[in-house]
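Shared chain: subunit A. Partners: subunit B in the first complex, subunit C in the second.
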Partner chain A sequence: MNRIGILAQLEGLIRDLFDEYQGPVTEDLSAHDVEQWDSLGNVQFVVLIEKTMDVRFSTEEMASLSNLGELMTLIERKKSL
Partner chain B sequence: MSPSNRHIRVGDSVEHSFTITEDDMRLFQKLSADYSLIHTDSDFAGERGFDGVIVYGGLLLAHLSHVVGQHLPGRKGTSASWSISYRAPLYVGETAALNLTVTNVSVAAGMVEGRYKITCGDRTIAKGQTQSIVPAGMIDDQI
Partner chain C sequence: MIDSSRYPALGKLLDGQLSIFPEHQSYLERRFADADQAHLELADQISDLITRIAHDHLDEIFEDYKWLTGVFVEEEVYFRRNGTYRLSSFEDAERTVYVDPVYMRKYMNGLLASEVWWHNHTNAIGFYKETFLDCLPGSSRHLEVGPGHGLLLYLATQTERCKSLTAWDVSAASLTNTREALSAMGVERDVKLEQYNIYDAPDGEFDSIVFSEVLEHLEQPLEALHVLRKLLTQDGRLYVHAPVNSPAPDHLYLFRTPEEVVSMVEEAGFDVVETRFYPILGVPLERARAFDLGISTLVVATPSEGA
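Right, the complex of A and B next:
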């Protein structure tokens, strides 16, 4: 899956989970931009990504991410292994 | 079996049997202030085609709360979501069994997901899903 495909999948998850967010979903997006993206929302988001995209993350990997673009890079790396 | 002495992993399960009594119904009626006839009036329940008053769904969830809070994931967990689909009535005095099985774990999210089914004999009374957040170190990610 290429980067555009990953972004499209993540956008689908974000639109579904954080359904009050109407703004753009770009690589710069972070939890600070989305009111519903709180700690519980983040837990749900991580679980959804793992199940939908068939990847597994570590706690350290998730803690190191600051925006969607970095998450996409991590997913790309895991998918290429 | 209860995984209380080791890490939680996919496939872990626990079964809990319970019987709802008249006293349980009265307590829940008072607690919830739900006096719907289907739960309080056996004549009405009979007219609706049931064999008696139907056990409150909230009492089924109370037993789910027991299983989640005491066994799987246990006392260190925090529930994030539950769903329930009622499939058949449970009547007062009947013994039901609640079986909860872990279907997914996420180390990164600290999440334990499960599916449960409540049965009475060969009747499925209800089923649904649970999500619980647990402290780091409680999950075994080896599926």
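Right, the complex of A and C next:
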């Protein structure tokens, strides 16, 4: 899957989980921009990604991501292993 | 973030917590962003109590809260991945948590701070005071099972309505925390603190019973409610606080909806007088239900006729 495909999938999950957020979903988007994306929301989001994309994240990875772009790079790396 | 001149105890606590846990700034900003005056006043009162309970180790409480948020995230990851709590047997919870005084102290300290940093916990204290303690008949013989950090028990010591005060806990380490808290608060009344597992409770008769954040720690919660039913007088009052979908290192029984808690209380022979459902992080109840988020479920009940 390419970056555009990954971003589209993540956008679907974000629109679902953080349904109050109306702004654009780009690589720059971070938890700070989305009111519902709190610490527990982050866990839900990442576990949803694990389930839909068949990848696994460590707790450190979950906590250290600063925006969607970084998350996408991590997913790409995991997918190419 | 808040007006410290109006809410001085809360302001001081926020400054202290943020100096130790600056990463929590944006969470705490959101936490208090929509709070109305009544909620801020309550948070200020609780902050004052926490400051006094903490006495000379407030920084330790801030550190332990920071630690606990990390522990909760780990548990949340497990819960979201597997759809169950990590532990299922009391022996495991006892071995890893209850008998370890260092762990227990950190845990109770962290939970104490959560009473003001978590929206649902602050609201639960408000409900406990207004709808339970302030409505008890005078001269109640009062029992709390699982007092932990002691905040609820302390509030009970402050009302004339409680004529006698008893607390039981399975964990000696936890009872030590409770004892220290009461002594730091300068409580001079006689409070009986005894080590009992709820399933091995001695005979007794009480007019008010508090069971806050204990039900989900049990393998057989319904049986424990039956025990409480036997201990409570016919016109006595029971207060239960049980969280739904809330993973923690020692939570065993997974309630998936607030209604499951309420109907278990009824099944044990109680009539429900009042309920409140407070979702975690102050999210709307519909959202909490839709995404299986944590919901603090509060129930005040009284024994059913003939039960």
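We adopt the following convention: the second predicted complex is superposed on the first by the 81 of 81 C-alpha atoms of A that agree within 3 Å, B and C clash if a C-alpha of one lies under 4 Å from a C-alpha of the other, contacts with A are read in each partner's own complex, and residues count from 1 in each chain.
We adopt the following convention: a residue touches a chain if its C-beta (ideal position, glycine included) is under 8 Å from a C-beta of that chain, and two chains touch if they have at least 3 such contacts.
Owing to the predicted nature of the structure, the values given are computational and were not obtained by experimental measurement.
Chemist: In the overlaid three-chain picture, which partner chain does A:M62 touch, first (subunit B) or second (subunit C), both, or neither?
Modeler: both
Chemist: What is the contact status of A:L17 with respect to subunit B (first) and subunit C (second): first, second, both, or neither?
Modeler: In the superposition, A:L17 contacts subunit C only.
Chemist: Which partner does A:Q36 reach: the first (subunit B), the second (subunit C), both, or neither?
Modeler: second
Chemist: Touch test for A:V47: subunit B only (first), subunit C only (second), both, or neither?
Modeler: both
Chemist: Just which bits of subunit A does subunit B share with subunit C as contact spots?
Modeler: Comparing the two interfaces on subunit A, one with subunit B and one with subunit C, the shared residues are 40, 43-44, 46-47, 50, 59, 62.
Chemist: For subunit A, which residues are in contact with subunit B within the complex?
Modeler: On the subunit A side, the touching residues are 40, 42-44, 46-47, 50-51, 56-59, 61-62.
Chemist: Where on subunit A does subunit C make contact in their complex?
Modeler: Answer in residue numbers: 17, 32, 35-36, 38-40, 43-44, 46-47, 50, 59, 62-63.
Chemist: Could you please specify the touching residues of subunit B with respect to subunit A in the complex?
Modeler: 80, 104, 106-111, 113, 131, 133, 136, 141
Chemist: Give the list of subunit C residues in touch with subunit A in this complex.
Modeler: Its residues touching subunit A are 26-27, 30, 69, 73-74, 76-77, 80-81, 280-281, 283, 291, 293-294.
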